[in-house]
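Take this structure first; my questions come after.
As written, the chains take the letters A, B, C and D, and residue 1 is the first residue of each chain.
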Amino acid sequence: MLSVNDLSCHRGERRLFSGVGFQLKAGTCLYLEGDNGVGKTSLLRQVSGLLPVSVGQISWCGKPIADNEFFRKQLIYLGHNLAMKDDLSAMENLQIDAAIAGQAVDPDKVLSALKSLGLKGREHLPIRVLSQGQKRRAALARLLTRQASLWILDEPVVALDVPAQAAVGRVLKAHLEKGGMVLFTSHQPLPMAIPSASITSYRLQG
Amino acid sequence: MNPFIAVVRRDVSLALRRKNEVMTSVFFFVVVAALFPLGIGPEMNTLRLIGPGVLWVGALLASMLSLGRMFAGDHDDGTLEQMVLSSASLPSLVGAKILAHWLLSGLPLVVLSPVLALQFDLNLQAIEVLMATLLLGTPLLSLIGAVGAALTLGVRGADVLLSLLVLPLYVPALVFGAGAVQAQTAGLGASAHLSILAAMLLMAAVFSPWACASALRIALE
Amino acid sequence: MTPHSNVLFRFAAPQAFYGLAGRLWPWVAALATVFGVWGLWTGMFVAPIDFQQGQAYRIIFVHVPASWMSMIIYLAMAFWAVLGLTFNTRLSGMMNRALAPTGAMFAFLSLWTGALWGKPMWGAWWVWDARLTSELILFFLYLGFMGLTASIDDPRRSDKAGGLLALVGAINVPIIYFSVRWWNTLHQGASVTVTQGSSMAQTMLWAMLLMALSFWLYAIAIALYRIRTLILEREKHTQWVNAELRPEGAS
Amino acid sequence: MIWNSAGEFWAMGGYGLYVWGSFGVTFLLMGGEVILAGRRHRQICESLQMQAMTRDAVQDSAQDWQA
């Protein structure tokens, strides 16, 4: 379980937000809303452990997330940068991605992950030749190739067409049904597939 | 796959797909070594004297050429974030990147050095010592340079700054590297120099990945 | 927590330190002037001529203290860097930024006066002596620190990166010095060893120590002064800075 | 006093250029550093005061407008 308590964030001399607190239980999803520049990305980076926290606490299963290897094992963070190498194929990228995360992955699993996001037949093309939406689909495929219970997704469906958004919705739904947790931001309408009972939204204000 | 090996393999295969990056440092090394005799004159005694120093300075600058790109690619496309968030330790992943950098821009120089040493009329023993010092010294250069590359990541004017930060720290490697060959030709034996180089390499191998990891975490803030 | 460390932590807060530095620096600067005048008087008017070097030896009254200060300031920066990286105190980074220009200046002065001393003594403006070479590298380390901290906009990031660099440099300085000495002894023929008047007259020693004390106090005073500017700049959005500046301004 | 005349003092036994070159540059740089630090401090103070005043003015005008 993830809990965030009285969190605030400063960038340079500017205060982005303060007093932010929420909890995320198994099988639930938190939809982070807020205007541009209010600090959604910074909040996600703080919760994932990329940005240091000076005021407030973030804990995973009761332990602070700083220097917490157990937490990092359970986390997938997907930000604006897709962490995909242009010169490598989607297949290679996903295998290396799992290896960097410290996990082993079966090639068949990668292929089926790419297939379920509609990239069948493009597994071995260099990422360079794919479209923006296809690149993002390939990057999202790591949700299926890696084992983690907490997904932190910054604008996951941006640049995706309607069928791909639906596919992402199905992926999120399956994850929640298995007891996973999702924390995400989006300016697009929510993927339909997620049952509304498991979604809470949190509005971030400056 | 072990994360360390995966990162080394990825960096090497990426570089081999774009061969120009590897070729740049090799070409630089060869050209610098060829330019010195043209600037100084063909007097063999002089060339024999300056040979080790020239080859070492050439190797040092050649391995520095590619330092700026060491972390920049991973920083730009977000892979660095994934490395920081990995459950594998960041210093070991950084160590893998440093090893890959050495394999791509240090090892080729070691292999090439005997050919270039012939241009300076170094004898066989001197060439052996030169290769040994470069074998110990170029990984040291990659380890030290990586700290500078990590500190200047995403900073304005990173290239100039990088050379300002890194070159002073290269001094000991240069002194003992070139000094070993000169000591060998002077008949003093190079074993003391080589052991000091090895000691510095060990020390850098322990501290540098750790310092790089801290610098990279700072760079991502 | 002991009361002693409480006091330390209280002054580690920028606001408290701003006041403390403001009260301290004029006194330190005054002391620096007093010792400077005293040292100059002793060095220029009391100390006798040196038998070997003639009047030119008087350069050591600025050369040696400047070299000492350039090294001491780097050590101080490494100390603040360790403190800053372990306890995450904001003041340490500012302290290092306040110290670095003065350290760089002293390193430059050490090189400049060393050259002016070397010309009449050894007949060359520059010799590749171990001490001079290490001083040159130290000067580059200062420039690197200043370059790095100046080119990172976010103050906290800049402080951390600078601290790490200062630490890496401090680990390397002894290795560099040792390597340059080794290199220097291997090439004996090419250089002249420096002897700093082993049998120095008592008054000469006094003059040098007084000048060193004066430079030390000067460095402290200018660092205290500069850190106040840095604190104002960093904390400009806080209440206390506004209150601090208000009495002179409007309303 | 070890000097017989002012001229002898300035000549420094023939090493005048070197000695005064060292002392001169040392005190020039130290003085320059002090002046630069002082100017920087004044600049910061002035710009911060200016910002505070414009902020006050904006607040005042906002109040006027509301009234």
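Convention: a contact is a pair of C-beta atoms (placed from the backbone, for glycine too) under 8 Å apart; a residue touches a chain by one contact, two chains touch by 3 or more.
It should be emphasised that the depicted structure is a prediction, and the values quoted were computed from it without experimental measurement.
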Leftover contact groups, counting everything except chain C: A, B | D
Centroid comparison with chain A (C-alpha atoms), farthest chain: D
Centre distance in Å when chain A and chain B are each reduced to the mean of their C-alpha atoms: 37
Between chain B and chain C, centroid-to-centroid distance (C-alpha), Å: 32
Whole-Å gap between the CA centroids of chain C and chain D: 18
CA centroid of chain A to CA centroid of chain C, Å: 49
Multi-chain contact sites of chain B, meaning residues that touch two or more partners: 221
Shared-contact residues (touching 2 or more other chains) in chain C: 154, 236
Inter-chain touch pairs (all): A-B, A-C, B-C, C-D
Touch list for chain C against partner chain B, complex: 85, 137, 140-141, 143-144, 147-148, 151-152, 154, 156-157, 160-161, 164-165, 167-169, 171-172, 175-176, 178-180, 182-183, 186
Chain A to chain B touching residues, read off their complex: 48-52, 69, 72-73, 75, 77, 79-88, 95-97, 99-102, 104
Residue numbers on chain C that touch chain A, as the complex places them: 153-155, 234, 236-237
Touching residues on chain C, where the partner in the complex is chain D: 44-49, 54-56, 58-59, 62-63, 66, 101-102, 105, 108-109, 112-113, 116-117, 119-120, 218, 222, 225-226, 228-229, 232-233, 236, 241-242, 245-246, 248-251
Parts of chain B lying in touch with chain A, wherever the complex brings them together: 1-3, 6-7, 10, 13-14, 17-18, 73, 76-79, 81-88, 93, 220-221
